[in-house]
Structures are given as C-alpha cells and as structure tokens.
Amino acid sequence: MTTLSDPPRESFRLSMLVNDTRYRSYTFQFIALVCVAALFAYLGSNLVANLRAAGLNISYDFLGDPSGYDINQTLIDYTSQSSHLRASIAGLLNTLLVSILACITATIIGVAAGVLRLSNNWLVSKLMAVYVEMFRNVPVLIWIIIIFTIMTAVAPAPSAFRGDDPDASMLFGMFAFTNRGVYIPKPLFEPLGWVVLGVFLISIVGAILYRRYATKVLYDEGRLLPTTWPTVAIVLVPAILAYFILGRPIALEIPELGGFNFSGGITLLGSLIALWFALAIYTGAFIAENVRAGIQSVSRGQTEAAAALGLRPRRIMNLVVLPQALRVIVPPLISHYLNITKNSSLAIAVGYMDLTGTLGGITLNQTGRAIETILLLMLFYLLISLSISAIMNVYNNAVRLKER
Amino acid sequence: MSDMHEHSVGWSRDTLIDEQPAPAAERGVVRWMRANLFSTIPNALLTLVALWCLYQLIAGVLPWLANGIWDAPSLSACREILQGATGGCFAVLTERWNQLLFGFQYPSELYWRPATAFILLFVALAPVLFYKVFPRSMLIFTAIYPFLAYWLIWGGSILTPVCAALGFVAGYLVYSRFITQSFAIGFFGGIAAALVFWWLTGFFNFTGILALEPVDSRNMGGFMLNLILGTVCVSLSIPIGIALALGRQSNMPIIKWICVIFIEFVRGVPLITLLFVANVVLAYFLPPGSNFDLILRVIIMITMFASAYIAEVIRGGLAALPKGQYEAADSLGLDYPQAIRLVILPQALKISIPGIVNVAVGLFKDTTLVSIISMFDLVGMIRGPILASTEWNGVYWELLSFAALLFFVTCYGISQYSQWLERQLNTDRR
Amino acid sequence: QTLSDVQDRGTLNCGVTTGLVGFAAPDADGEWSGFDVAVCRAVAAAVLEDQNAIEFVPTTGKTRFTALASGEIDMLARNTTWTFSRDVDLKFEFTGINYYDGQGFMIPKSLGVSSARELAGATVCIQTGTTTELNLADYFRRNNMDYEPVPIETNAEAQQQYLAGACDVYTTDASGLAATRAAFETPSDHVILPEIISKEPLGPLVRHGDNDWGDVVRWTLNALIAAEEYGITSANIDELKAGTESPEINRILGTEGNLGEMLGLDAEWAYRAIKANGNYGEIFAKNIGESTPIGLSRGLNAQWTDGGLLYAPPFR
Amino acid sequence: MADTAVETSKPAQMQVSDEVAIQISNMNKWFGTFHVLRDIDLTVYRGERIVIAGPSGSGKSTLIRCINALEEHQRGRIEVDGTVLSSDIKNIDTIRSEVGMVFQHFNLFPHLTILENCTLAPIWVRKIPKHEADKTAMHFLEKVKIPEQADKYPGQLSGGQQQRVAIARSLCMRPRIMLFDEPTSALDPEMIKEVLDTMVELAEEGMTMICVTHEMGFARQVANRVIFMDQGQIVEQNEPEEFFNNPQNPRTKLFLSQILGH
Amino acid sequence: MADTAVETSKPAQMQVSDEVAIQISNMNKWFGTFHVLRDIDLTVYRGERIVIAGPSGSGKSTLIRCINALEEHQRGRIEVDGTVLSSDIKNIDTIRSEVGMVFQHFNLFPHLTILENCTLAPIWVRKIPKHEADKTAMHFLEKVKIPEQADKYPGQLSGGQQQRVAIARSLCMRPRIMLFDEPTSALDPEMIKEVLDTMVELAEEGMTMICVTHEMGFARQVANRVIFMDQGQIVEQNEPEEFFNNPQNPRTKLFLSQILGH
C-alpha cells in the first residue's frame, strides 16, 4: 500500500476532539463519564457530610448481630437469636415461596381465563372479559388489601370452631379455613413412608416415559396407545399398592384446635394466602390477555388446514396451535413472573414476612441502618430479576433456533 | 338439476333464486342461544356454571348496594338504621368524600382550586390525545397548563409560575435563535438562558402579588395525590426516557452502558424499594441543610422508575424505524441532533404512544404504593385516618370498592383510549 | 443551629406518629391533636410565639429516625422508647421523658385469659417498627412459650386484625393499648392484662450534637412538668404572670431572672408554652386522662410528690 | 394471468367414470340471516376436474368448504364417496380423510419442517408408522419437485414452493378427491406456473378435483366442466370450450368479459 | 426489464469537462475481517454519467456509500469536488451537501409532507428561509412532474412517485453530484420508466451522476462509462456500447449473459 494516496497524517489538533469523527465519540463519552462521576461524587460527598454531621457510619456489621425478633413462617430454622442475615434469608425464601406459588397459580388462572375468553360460549367469554378488565385496571395493592380483608373479616376465627355446636366446621374434618390462615393435614413419614414417596416419584417418571413410549410406538408401528388412563394408573397404582403393602407408613397429622389456635398440620398463613391469591388473580388477568393474543396469533387457517387433514380438535390444539402459540406467549409470561416477584414486595401491606418485611422492615426498624439495608434489599431483588431475565433469554434463544 | 346427469351438456339458469329466510333454527334468540350458549354439552354445563356464579355474585352484591345507607354519621349509626339487614354503609363516602379526594389536610375552602385544575387537565390533554380533532393552537394552553395547575394547586403568587414559564420561554427563544447554527449551542444556550433568568428572578420577592393562599405539598392527599403523582411523573419521565432510549441505542459504549445499567437496575427492583429510598435514604444524598419534602423526593424516584420503563418502550419505537431513515437524513447533510429531532423522534414517538400510555396506566396504579411510606393518598387515607377513626372503624367494603371503582374508571378509560389510538395508528400507516 | 433555622423558617417541623388516638391523630378537619402533639405545640409556642406554626410530619416506625437524622423534622415527638442504642449508636438525644410506659397485652374477655403467662400458643398482633417485637420475643423466650407473631404496619390495621379475631392478642405500649381500646365499639369486651413486660420511657428526641436546641426542647418539657408541680395552669397563668411570691414560678414565667435569655429565647417562652395547652397535668387530662375515652390513670406518670416518677429539675 | 398455464391439448388419460364421487342436492346455507348458498345441486363423477368461477363473494369458497365440513350447511344433502355428511363426528372424519384441501394461503405449519408438515396427519390420523410416512412424503415431495427442501421450514421457502408443499401434504393422506380454493391467487406471477403445472400433473393422473380459480388457461386445459356461481347459486355450467366461447347467461358473459378483458 | 428505458440517441448537450469531480484512489474497505472493497481507483469528471453494474454482493452499494461517507473507508483516498474525505466532521458535511443520494427504498420521511420532505434539509442545513426553500422545492417537484402532490404524505404516493420525490428532495440541496443506488429495483415495472425518464432528464442537464443499476437500456442511453464490479473490485470499465457488445473479462461476459438473457 503506498502511503502517498492515504490522507496525510495530520498532527493532532485540539479542535479535532469535537470535529473529528474518530475522536468526537471519545470526547462525548469522556464528558458523559465525567458527568456521571461528578454526580456520584456529589451524592457521595453529601452522604459523607450528612453522615458525619449525624455521627453515623456505614457498616454491615449489624448483619451478624442477633435479630431479636420472631418470624411467623420460615422455611429454614430461625429463632429470635439468629442473626439479621439469617432473618433476611428467611425473608428471601418467603419471597421466593410466595412468588413461585403465585406464578404457578397465575399461569393456571391466566391460561384458563385466556382460553375461556376465546370460547364460543358467549356468556363465559364475556365473564372472562369482565374479569380481565376488572383486575387489570385496579391497582394490585387494592386487590391485596381486599383479599386480605376477605381473609380476615369474612373467614371465621378459630374460636368459631370451638364448642359443641360450632359456627364453623372443618372441611372433611381435615381442613380448617380460618381468618388466620388455612390449616391442612400434614403427612407424617415413617421410614417406610419415604419409600412410598419414592415409588410415587418414580411412577411419575414412569408415566412420562410411558407417554414418550406411546409416541414412539405411534411413530414406529403406527399404533396409537391410550394415554390418559394408563398415565393415571401408572402414577397412582404403584404408590397406593406400596402404601398398603408397607403397612400404611404415612400418617396424616390433622390440625386440631388447641388452646388458642389450631395446632399440628401445615399452616398456610392468611397473609401468605392473601398475597398469593391477589398476585395470582391480578397477574392472571394480564396472562389471560397474553394467552388470548398468543392463540389468536395462530391464524384460523392453521386450524382449518389441520381440520381438513382430518385431525381432531384436541390434536389440533396439541400439535398445531399450542406449539405456535407458546412462542408468542412465553416471553411476556416470563416478564409477568418478574412482575409477580417484584410485586410480592407489597407483602408489607399484609404483614407477610418476606424480604421487604424482614430486611427492609423490622431489621431496618431495629437497627436504624437505612442505607445499608435498603441497598442490600435492592441487591437481592436485582439478583432475582437478573436470574429470571437470564432464563428468559436462554428460552428465547432456544426457541429462535428451532424456528430457523 | 338432477336432469343434467349427462354432464357434458351445458346448462344455464334463467331465473335467479331469491334470498330466503334462514330456517327457524338459524334465526333469532333460539339460534343465538344454541350457538352461543348451548352448542355442546360441556358448553351448556359451562353456561350453567357461569350463570350460577353470576347469580351468586348479583345476589350477594345487589342487596348490599340497594339497601345502602348514604346518610349516617358513623358505622354504628348505619347498623342501627339497617337493623341487621344487609346493606352497605356508603355514608362513609358522603361523609368523608372530600378527604377521599383531597386528603385531610388540604384547606376545605380551597377545594375548588384542585377541582378546576383537574377539569382543565382535560382541556390541556385533549389536543395531545386527539390531535386530529382539536386545533393545534390549543397546544398553547397545554404548554401553559403545568404552570397554571401548579398555581392553582399549590397557590402562592402567580408570578412564581409565570417566572418559571418565562424562564422556559427565554430558554426556548435562545434555543430557537441558535438551533439552526448548532444543536449544542442552542441546547446549552437555552438551558443557560433559562437558568440565568430564574436566578435573576430569584432576587425578587413575589409574596402577595396576585397570590392565592399557599398550600404545602405535605397537605396534598387523597385521589388528588395519585393524580398529581401520576401526571407529573409521567410527563417528566418522557423526556428522560427519550434521552435514555437514545443513549441505549448509541454506539458509544460508555454512554450506552451507563444507560443500560440505569435502566436494568431500575427495572430490576420493585418500586417499593425505590420509595423506601425516597423515604429514608435519599435525604442522606442531598446536600446538607437542603430540605426536599417527601412528595418531591417521591416524585424524583417515581420519575426515575417510570423513565426506565418508558425508555424501553421508546427503544422499541426507535428499533422499529428502518435504517434507511437514518441514512437518508445523513445523506441530506443533517447532523445527529437534527436527524433525531426532525426525522427519527417524531416517527419513533408516534409508534411508541400506545406503549407509553400502557406504562402510564401501570404507573398511575402504582402511585397507590406511596400509602406504604405513610403518604395519605386514596389508599393511604382509607387505610389510615378513615379506618382508624372511631366512627368508621370497620367499613372496609364500601371504601375499598370505592377506591377500586375510581381506579377502574380512570385506568379503563385510558386503556380504551390507547386501544383506540392503536387502531387509529394502524390504519394511518396504510 | 436548629433553633435559628426554626426561627428563620417560622414553622417547627415536628415528627409525630401516623395516627394514634390520644397521642397524635388528625381529626376530621385534619387538625392534629393529642398528648405528643401538645409537646410540639408547647415548643412551637415557646420558640415561635405561635403554637400553630407547626408542620406535622407523620412518620412510621421505619421513617422516623431518618426523618430526624436528615433534618426533615426538627424534633420527634412520637411514642419512641429511650434506649441505649438509639441514644448512643443512632446519635440521637432524648430530651426527657413525657410518658412512662411499658408493653402490655390486650385480649378479648371471651377468651378468659387473665395473665400473660397463659398466652402460650397464642397469635399475637404486633405493630412493627418499635421495640415491641424485641420485648415480645424476649418475654416469650424467657417464659418458654410459643407464639405466632403477626407483624402489622399501622395501628389501624392491627386494630382491624385484632377485632376480626385474626389474632388473639394485641400487644403494644400500654398507653397505645388503652388508646386503641378506647376506639372500639365496646371497649369493655377487651381486657388489658396486668403484666407489663418492658420499660418504655417515651420522650421527645432531637439530633445529637445540637445542644442548644436540645436544651430548648428539654426545658420546655420540664416547664410543663414543673408548672403542674407548682400549680401553674392555663387558667391562672395570667394572674401568676403579674408576679407571685414564689421565685421559682417567677423564674419560670420570666418575671424574674433571665432563663429565657440563656436559652436564646425571650423571657416569656415558658409562659407561652404553658399557656398553649396548659401544664402537663392538663395536657394529660385533656388527651388521655381518665375522663377521656382512653382513660389512662396517671400511674407512674404522676408527680413525684404524688408518688409518680415525674420530677422536673429545678429552674434556676 | 390467463395464459400462464401450459396450453397443450387435454391429456389422453383424463377419463371420467360413471361412479359418483360427490353428490350435492338442494343444499342451502346461511351465515346468520345471509343466504350464502341457495339450492345447490351438483354431481361430481369420479375423475372429473371441475373448475368453479364467479365473482368475489358469490359463495365459491363456502361451497367447497361445505364439502369437507369446514362449514356446516343447514339444509340439503351432501354425499361424498357414499358417505352422507351429517353432524356425526365419525362421518366428518371419514369424509375429511377422503378429501384433501389446498388453501389460498397455503396454511403450512410454520413450526414444523416440510417433511413433518407432510407426515403429521398420516401419522396421527392414518396411524402410519413414521418411516413409512416419511417415505410417502418424500415420494410426493419429489412429485411436486422439492424433495431437497424436506428439512427446511416453511418460512424459508418461496410462495410457489410453499403451495406445492401444501399440495404434497394433502396428497400424503391419499385422498380420492382434491379441493383447491384459489391456490394461485396469493402467488407472484412467476410462481403461478409451477403450482399450476403440479395441478395439471395431478389431473392427468385422474384425481377428482374441484378447483376454485380464475386461471382460465388452466380451466381450458384441464377442466371437463366449468361452473359459474353468482349470488350463492350455480348460474351456468358447461364444458370449458363452450363456456368460454359461448356463454349463455348474461352474468357469465359480463364476468368473462371482465376477467379475460385485461 | 432491460428495455424499459427510452431508447433514443444520446442527448447532444451531454458534455464531459476535464474537471475532476470525484477522485478515488487505492481505496480499501473492510467489514470486520471481510474485505468488501479492494484497491478501488476511479476518477469521475464533471458531467460524467457512470453506471456501475455487477452481481449482488460485489460491493457496488458500499462503494457509492463510501463516497458520501455513509460508510467509512479504512484505507485510500476519496476526494470529492476538491475536498478530501477525512474523518473531520466539517469535511463530511461539505461533501454531503455537494453530493445527493437516492436510495433503492426511497427513504422518504413518512411523517412529513412531500413539500416538507424537500425543504427539510435546505432549511436546516443550508439555512435557507422557508419561503425560498418552498419555491425551490416546488421548482424541482415540477421538474419531476408531481407538483400537485406537494401536500400529500409519502404513504399516499405510488412507488414511482415516491422515488421521484426522493430525487427532487436530493436536488433541492443543489448537489453537484448525484449518486443513485438501484433507484428502480424496488419498483413495479410500470413505474420504472417514469423514474428513469427523470434521471435521463437530469443527465441531459449535465449533472454528474453515478448510478448503480441493472437497467441496461438506461446505461446504453445515458452513461458515458459503465463500470463492472465483482468481489469488491472494479473488473472492467468501458463505454457502454463497447461494454455491452464486446465485454473483455469472462466475468463480465457471464454477468451480461445472465442479466440480458431473460
């Protein structure tokens, strides 16, 4: 390459910082960086000045101190002597618990409502439209409070179960719906009980394998094996057999009315239920819209073509419509899951001890370390959100690969 | 036609068959019912279940509504009037109507001011929302509205908002004087001019000149607070959102990453944590001795929150524009600010409007979260002072349904508008 | 320098609770009143010569300390317990005690419980954001009992939960229990158990390191207490102002000595503070005393001369 | 458009038997109160190639959609291959597996490969083992001349190729009757020919076909009867030559002048 | 396609001066590691009309986009009208206002009326008062024969009209050189002629033009040089007659046989 024809290497002039495309982007980035740095420096210096004026410091030492308060529902061992960090983790797990429960329920509600909204039953589809519009357009906080109020003000208090002629009675003698929560029987496993559980889990795997096998048989031999009943049978029969053969090793601990309260069994707190259902129903309305849009995005021609090929409606749904609709439905679905997780922070309105209730609530109150706790709180939520988005990206990429 | 089984023979119809009415089973209520309610057995069952649900709902709600008491001083008085019958105690709404709408601290003799501001809001929004129907000249009022509304709601001398507005005008004049030369000169010159103007007017003392009685922002409450937060934050967040979206699209990595981190951070945390920041942390980051009141800090945080979401919507709009638009602008010699301002943004914003409206609705609903940080918005009023008062302790349903209804009407209205707009834009685009 | 800030501003920013009948609650017109509010008003009257020149800033358990630390409020007159760590670690200054309280339990009569020792297994509603949770956890642990805490953000909601039977017991400061019970439709259906499980000295607090301002608040409170001791009431104060035999009263009311000047105020500061809502006894009686629905007896909060703990240091 | 199809003389082996393939008598259909099909009488013999023409909205699509029960008719009788169409789901299934249909917009399944598109119905409806279904599918894909695209997805093919896949997909069910609803009207001109060629080939093999189309060249070459519909009724039918050269009904004349005019 | 342009003899006033309009020497460009343009040397004199042809992906578009700095080149020198293209923003601006460009997909601004499309750049870049800019714009719109559409929006115009507006829009900046990147390839056949006519007219007025196109009729009629590119290099250049009748390079021959063949 002869250098002759190249533009002469000009010596660097200051004006080139603004005028030369090669440098001007550096100039702007530098300015932006300086601005941001200045902003942070300004905020930081204010912080330092304010803290010094108030004689405070920033320190996370308090996380190791005993928290001193109790939490009514924890998934891990926790007492009032555990550290604040452990309290936060208990809260985090509670956040995850209610989010997962709400995600599952919201999906079920949303899919049902979305499908029903497309049903050719006028009444049902109109009812679902009302449901969707009603829940979408009212703040979730109001729904949480309303459902919590239903829980506390409408359901009977445990004392109503007392006496010879109680005002309320347990469902099947096992389930108690009270305004403190729902009490359900808890399975007690003897050692052999775990075997039964194992058998049950294996049967589920077996059922899945069976369905795979059925498809394979269809593909290989052209025989269509029945699937519905065999699946039910495979899942249930071995477990039931094992249960009786091993001498009924699983007992149920049925909740009983004790001094003040039901004891035994599993307790689902009223606040958990309220938050769970409010989030599920509220988000379900949004999901319903997505499901509807997804199914509608599969053109009528697809269904007709499949019908013209002789496929039955259920198969059309499974083989043609759903695979296509899912691609449209899943990405917004996941962002709704994200919203559920974020909205679960409203637990504070009903006293459910999630992350915001423990770390951002009582710990903050007790230690007065506002900056530290809130930073940590945001960090936790950010972590959850980022992991969910990461999953979303993986899924999107997987689907996109299949498409082309 | 069975006579034509010799199919090589041509055949032609002489007289056309007239349209005939559909068979009875195909017409009227019966057919409609059969097709829409009872087409199959499961469908019929579904209908019955739906009818049953509907009946239960109506049977539950109707007497409550119909027997409602609209005039009583307290819950116990209500119960006395009802004598054990089902019925709502809507008296709480009539009794505390003003508190629900304006909060309990806004001076009652001044209610007309926010009310006027509220009505004028529609006048101001009309030319924006229905830009085809209303003359463009009405946009002048839209531009004046924020200052007018500020004056009406917060009171004080009219010169304060007038000066603020004049500052903008000064800035704009400088901007439009220099914009043809260079965007940077125009933009920063405009800002500088406005700042200088405000700084100068800061030396005057306006108290008492054409003044309305001032009201502190601490005293805002009720549904008014939701509306103020909603409108203010959404309008402030649009320009910020645009800047963030442009930044995120930029090919300068540092600027891009600054925007990405900001957007993803804000979108990754719940609004409530940002409100906590406003409530308990932000004060530490402000210069010592400065005194931002809570409403202002909340506005800052909600605006940040909304702008991240709006930035994502606008980014979608920008991405939807074909690259050719940028290239055409470039090849005509427009520089970057000009291309963005004259070519790209007008189109991108138009595409983004429905998305922005959706964000706005979501945000408006989220303004109720301020009740958690002890601000007395509509929900805060209900949860706090009203339910805590001796007279109305226990009237949940009436109050909560009222709040739900109020939000429903507003949000449903806005989202219907957005859908209408979306259809409008779709047909526009041919 | 807070003093001069307040004087320049012309209003006092006083942090109060978001609503606890008798202590601080807005009435239907948005006018704040209550026992804590009266302290704010006394300070405002002393400093600004106008007991209404106050901005009341409602705070929750979570926000109160930040609000004070960041200067959003000048003083916090909210049922805040004086504890070591709050005083030392969080860098606040408690300027005295206006109410000697202790945590107690309230329970429906129908449950037939007469002692807190019988509460094993109970569901307990707590208003979060105070020392209540810690006391409760300690108490039950000490007595080896189980319980289920139901944390609730505001008093109004706690009340709602308790009344609906979602919890068996409601616990908070005894004064708060009384105030809450007073708001019930049939207060007599509920009993406050005799056990008091903690010491809860409540008092106004200010920021650390601003001793001038701290002195103003402290001595305003002391003036109210002393006024009761010396029999200065809002009724006779104008009379006494004309001059009395008692040098102490004269010094308080500014007719003698220059106490006001030492505080950086004028001579009539205490006169105005007392005039605003009366002396401590009057304030107590008007807001939470036995004649009010809340019906608290003086108990520990009686003057030392009456066997209580109130004891104002001498004004000299 | 009219001359894109290959203009050769009619293939020799196109013979019409006396066996009835489809018999429609006195069929009426309403959409709500709108009378779309009025007193349709039509007998199609095995091996016949029928072209249906007519102005837009005249009910052509509705008619052929009634034949494989994609639309319900309200009055009259449709008999396909000896099976009377009733609301019995078994009958509908029988008929649908006898009758293939090709749509204007291809309606391929975008989430399946070409091969999977072709084998889906044979496997799930006819219960043919996959490897056999694959073989059949490849056979028909070869017939429509795109065996090499078997593993691509529909979105990667041109319109003409997609339509040919759609034809192959129908053929994989080995139908005795094929219905075409304007199979070329969504295609670019270059692609029309390749699709028509495929259809001509099919006709030459003696497939019974009913085809809604405005490709008059195709009609001339392949059809042994052209049916003209207007306002939901069959207005005229005739052999193609007669139909084009000597239309009887004024409406037919008008229509032909429009369609051949440009 | 090749014969849509008007086939008349070359206009008399098409003269080429000796002044150099564009000088490209030894220019190279990479996209990442892909070497798109290799050692391009090209001198265009004032008044010349150059047609660039070549297979898809040969770098034709990239070449002319380099000329007005829509793409950056990495090595070599481009001089337009005496200004050397460097990364200095002033130079780029000068060159862009000297050089007009017309794209394949018109790229009109859909939110502005035709008139506003044409006046936007003059007002904001050239700082011409609006009324004057309007006048100029109407002048050029008349020239491309659509003054009556001035107040419509681009979406309301046909493709050919839109492309003519795009030409007018470029002309309003009074460029001394015009670049065309396949201006007719997105148009329906009927509309190609109207656009080519406009371009011919422009050529007749002596505008320096570089035009990427496959319209060989146009090339024959208007161009005084045809350049053939392949694989990022200029493979052959010649006068149109020579180029078409007597191509030297085997690749050119292949290309011409393909493009003229159908």
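Per-chain residue numbering starts at 1, and chain names A, B, C, D and E are given in the order in which the chains are listed.
Quick note on the criterion: a residue touches a chain if its C-beta (ideal position, glycine included) is under 8 Å from a C-beta of that chain, and two chains touch if they have at least 3 such contacts.
What you see is a predicted model; the values in this text were computed from it and never measured.
Participant: Once the contact rule is applied, which chains count as partners of both chain A and chain C?
Facilitator: A chain counts here if it touches both chain A and chain C, which gives B.
Participant: Could you name all chains that are in contact with chain B and with chain E at the same time?
Facilitator: In this structure, the chains that contact chain E and also chain B are A.
Participant: Of all chains present, which has the mean Cα position farthest from that of chain A?
Facilitator: Farthest by centroid: E.
Participant: Ranking chain pairs by how many C-beta pairs touch, which one is first?
Facilitator: A-B
Participant: If you average the Cα atoms per chain, which one ends up farthest from chain C?
Facilitator: D
Participant: Can you tell me which chain is nearest the middle of the complex, judged by mean CA position?
Facilitator: So the chain sitting closest to the middle is B.
Participant: Using the average of all C-alpha atoms in each chain as its centre, how far is it in Å between chain A and chain D?
Facilitator: Centre separation, chain A to chain D: 50 Å.
Participant: Just give me the whole-number Å value for how far the CA centre of chain A lies from that of chain B.
Facilitator: 27
Participant: Between chain C and chain E, tell me the centre distance in angstrom, where each centre is the average of that chain's C-alpha atoms.
Facilitator: Each chain reduced to its C-alpha mean, chain C and chain E end up 84 Å apart.
Participant: For chain B, write out the residues touching at least two other chains, lowest number first.
Facilitator: 276, 280-281, 283-284, 286, 288, 372, 383, 396
Participant: Can you list the chain D residues in contact with two or more other chains?
Facilitator: none
Participant: Tell me, which residues of chain C touch at least two other chains?
Facilitator: Residues 62, 66, 69-70, 153, 157, 160 of chain C each touch two or more of the other chains.
Participant: Going by the touch definition at the top, which pairs of chains touch each other?
Facilitator: A-B, A-C, A-D, A-E, B-C, B-D, B-E
Participant: In the complex formed with chain A, which residues of chain B make contact?
Facilitator: Spelled out, the residues of chain B in touch with chain A are 32, 35-37, 39, 43, 46-47, 50-51, 53-54, 251-255, 258, 264-265, 267-273, 276-277, 280-281, 283-288, 361, 365-366, 368-369, 371-372, 379, 383, 396-397, 400, 403-404, 407-408, 411-412, 415.
Participant: Going by the contact rule at the top, pick out the chain E residues touching chain A in the complex.
Facilitator: Within the complex, chain E contacts chain A at residues 25-26, 28, 72, 75-77, 84-90, 92.
Participant: Please give the residue numbers of chain C that touch chain B in the complex, ascending.
Facilitator: The touching residues are 18-19, 21, 25-26, 28-30, 55, 57-60, 62-63, 66-67, 69-72, 153-157, 159-160, 163, 182-185, 293.
Participant: Which residues of chain A touch chain E in the complex?
Facilitator: 1-2, 5-7, 10, 16, 18-22, 24
Participant: Sort out for me which residues of chain A touch chain B in the complex.
Facilitator: Residue positions touching the partner: 25, 28-29, 32-33, 36, 43, 46-47, 49-51, 53, 116, 119-124, 127, 133-134, 136-142, 145-146, 149, 153, 342-343, 345-346, 348-349, 356, 360, 364, 370-371, 374, 377-378, 381-382, 385-386, 389.
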